[in-house]
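Take a look at the structures listed below.
Two complexes, one shared chain (chain A), two partners (chain B, chain C).
== the complex of A and B ==
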């Protein structure tokens, strides 16, 4: 018997009522009585609050001037931020040398941009060493004594640039450390495993404030009196260790998500331990762990404000000393803290966007 | 201990895999019991048996994805001992294809194939890519070279996995239920590649339930149950005249439908 030809039906567009902006509004804002009520309440709350807030923040705010006396209008006194802006961003770093801080920040931005724009082939060969060198290059420039520039003592480093640079330097060094600890933790070698577990559990189980105090107050007691380790260096080491322990656990969760078959396939084509780890496992771990890696970055970045408890003049510390300055005793705390919060939010939000784009880049499952 | 190479003449009768009294336990569970098996160069062997009979475990012992606790194993004149050099020497000679393909999802098809030649055999990239394309053409998907595994169908992925193993020019190919995870329509394209490979004289050990494949290409069929080799025969005899009642029961179960 002659078989009849099978013809697949053509695709038809989805009904209009299920796509487009009107459908979105209906689905998300007015889908049920409860949803309608919530939408109405939130909208009316916004309408009643927003004008006052915007007025204080922007329209009635004092934007220009040099001293407290210029803040005559009812709104926020942004003059306060303006007057202290150099301190807020650069601490007490000498005026003429601020280009060195800017250069360091630009190098950081440059390396990040580099890792996004380089083709995949060159990324590992150029961007990875660039990242690892970055903290030390910045250190050379900021300190200056080893490359013939005016030495600037670390006591003078400060402000938001310090928050950014010390967080970046910690993240960069903690990344390989954390990976090694995670490898150690699941290693068959008892020594590697016990060292890794001890380090991870100690630094993860201790509050960062306690670690900072320990580093700044207790650690020097153990050194001979003629040996002094710079306070900022100690803080850096503590941040690196603290963050490494978190990264190690983030990586471990990534390791556990890799199917056993990947290890077996790598073994069966004869790859050695490090080839297998770096070529097969590491790239997949990074992809799986990306959201948690970002969360850890953000956490450490925000934790840098805790440096104020050991009197490192980071951004929040600068704001607090500005608030107690005798020329500015007008109560500008709200403006100051809002500003700190806003700057941190901008940075963390950009990191979040960055991470999303990295995730997209790494996602090879549905790429066409 | 160094890699132990004897000077045996390379004839078709060369014994390429020799398993003697192999025993393996998972904790207290005895998975492999006194396995004895000799495979000659160029031989095609199909291993079948119910699940949990130890057939996958046995072939995974051959390239040391699993360890065994007692007995001995010699692959291509290299004894499998607790020595990284020996293990790597054996793995270089043995290709393996898995049930779930196990392609590397973060690498393109071409990168999946060139990984071994570049990093294990230390070949230059161009040469590795030429080899990779040669084998991709053999499994008839050269046009997929730049895609990622996630974009390919199961049958295509399994053919890539076969090509990936072949790129290492192995002496022996192990297949661990290569078609079990595939849609019925894709089984054939994978089996075709395997038949072609068998026709070229590749030494193969294949764990599979594809009895048509066994009849067509196998030199010997091995039936395993409860960690033992129950019966071992050439396919005609095996299917038409099984000696053991356990084999008869198994065959009646799988051939019924």
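== the complex of A and C ==
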């Protein structure tokens, strides 16, 4: 007797009530009485607020012109931002010399691009020295007095480029310091360990603003009376120390994530301490710690705005002095602050997206 | 004849490190001591230079040292003070007022940030699409904008409010205008102590009831309507005492004088802007921590809870949140500490907390940077140690207890 051949019935489409836009709307917007109420309330709030906001921001905003008199419509006065755009991005840096700021920014972008595109064999040999040299090369160009360009006093540096450059310069120099402190914190030498812990905890526990204040009122006392240290240089020292403490903790969590077997394997093939640390552990730590390094960079980048308290002309400080300019007393504070907030938001948000994507790429665990 | 060396002997000859001829600087123990003494010498030299330079500079600039300035009269006014204050009061009083203002704004900020953070962190898992999106937008917008900009922004927005005569009036009791928020003040009359003690009795009663109900549930499995009873106790007992003693309170309402409001409690705009910005900013970070904490709880926990028939609302509060607390608490600890450190940005808008009045105004007048910065930093470290201590105690309870 021959068995009848099994024939599967053709697939039925999923019932309309579980797929498609209607089901989605039902599930996500109107699944219960409470959800219906919430949806109605939020939608009506959006409908009542959004048109006014958009109108003020875009449709009745003043987009073109050169002076306050051009702001005739009811909306935001973006002319204010346009008129001050050079100061907002470059501070009072002299007109003819702005290429030097641009060059520094491009060098920064170039080194970052280099470190991602170089083949792995060359990466550590070229990118690491390039990073470490970068702040000093930028310094030479921006200052100009040592390489035969017109000297530009640091009082004139400012604007958004200052925020970017000082944050980058701080985190680059904080890298080796933070790494040393992290090594010190987990070393077997008791004195070295306690010095590292003290440094890390002091600079992590102190408000950054208090550190900036100390940089402006206490650091000058520490130097011999005939030495005057530039204000921006003091800020840089403070930021480097502050960052180093945070980077040290980032590295420490990286060290903890390295399996003990890596140390043992390095020992077993007879590598010395520095060979083991720099050739085996460091590359793995960098990889693991990358999202946290980015998060720390975002933090220091946001903290550069705090410099306005000690009157360093960073972006927000420039906006605030523009607001008190006698030609622009029409109350453009909201526009100015929204603009600064928008620029910072774009930068920080894209960096946090990058951090998340790196984190996802590195996540080889099979939990999810 | 062939030489008759054993392999051990060959090893000894070719590998001198195994024999006794090790150089002493190749011994890790000695090496450690050498490194550490070099570090010590460097640090001693460093601090010696710094201290001698500082002393030289201070004597050259005529700055005194020591803490005797604390007793002298400050001669400037502070905007807001929890203690009675006159301009003739000492710097020590300024210091105390600064600490109190810092603690006040920190506590208000921590409470509001925690509430905001938990609401938006849990909202991320809502069934409603709009709520989910609002939670994401809140977190991503506010944690990516520098907090000092947020403070200045809200302060500017506050300054756009109407003047005193055109105040926003809420039920003839609360007024909001450009000079601040005016709320009625509760004034005690004689006999108010009775009501307060009734309130304390109610709180102790709720605590005991909770312990008893938990014990009973563990032993018998029977549940007790704890929330309803507690609310009834907390409202009922003080209310009874209030009626029994003939309402020994009255409200002091703010009223419009010629230029501004008199009476009631005034909350200055600087405080509102600072507390608002700090709680929104820190709240975004806490929401992120709460989200990460909830995601760290395995999905099986939710499924198990559903399978034993718990309601959806109970699953969150009884199963998920308690387990996520051991991920959330350490992050809360660092967020609270950074909130306290961030109160220093008050100096950008002039709220008189410790940093503004002491490291700012007082330092300007006295000039003794070392002493003043030292005192200020000690306070911040102390506050953060208290937070750390409390949160670690809390964390001990949230950790996995193995039986």
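Descriptive notes on the structure:
Going forward, the second predicted complex is superposed on the first by the 300 of 368 C-alpha atoms of A that agree within 3 Å, B and C clash if a C-alpha of one lies under 4 Å from a C-alpha of the other, contacts with A are read in each partner's own complex, and residues count from 1 in each chain.
Heads up, the rule we're going with is that a residue touches a chain if its C-beta (ideal position, glycine included) is under 8 Å from a C-beta of that chain, and two chains touch if they have at least 3 such contacts.
Remember, it's a predicted structure, so these values are computed and weren't measured experimentally.
Of the two partner chains placed around the shared chain by superposition, neither chain B nor chain C is touched by A:164. In the superposition on chain A, contact of A:138 is made with neither chain B nor chain C.
In the superposition on chain A, A:188 makes contact with chain C only, not with chain B. Using the contact criterion defined above for the overlaid structures, shared-chain residue A:265 touches chain B, although it does not reach chain C.
Using the contact criterion defined above for the overlaid structures, shared-chain residue A:289 touches neither chain B nor chain C, since it reaches no partner.
In the overlay built on the shared chain, the residue A:218 is in contact with chain C alone; chain B does not reach it.
More chain A residues lie in contact with C than with the other chain of the pair chain B and chain C.
In the superposition on chain A, A:243 contacts neither chain B nor chain C. Once the two complexes are overlaid on the shared chain, A:275 sits against chain B while remaining clear of chain C. Within the complex, the chain A residues that touch chain C are 27-29, 31-32, 35, 38-39, 42-43, 188-192, 195, 205-210, 213-214, 217-218, 220-225, 298, 302-303, 305-306, 308-309, 316, 320, 333-334, 337-338, 340-341, 344-345, 348-349, 352. Residues of chain C touching chain A in their complex: 32, 35-36, 39-40, 43, 50, 53-54, 56-58, 60, 127-131, 134, 140-141, 144-150, 152-153, 156-157, 160, 337, 341-345, 347-348, 355, 359, 363, 369-370, 373, 376-377, 380-381, 384.
Across the complex, chain A meets chain B through its residues 259, 261-262, 264-272, 275, 279-280, 283-284, 287, 362, 364-368. Residue ranges of chain B in contact with chain A, taken from their complex: 63-65, 88, 91-92, 94-96, 98, 100, 102-106, 115-116, 119-120, 147-148, 150-151, 161, 164-165, 168.
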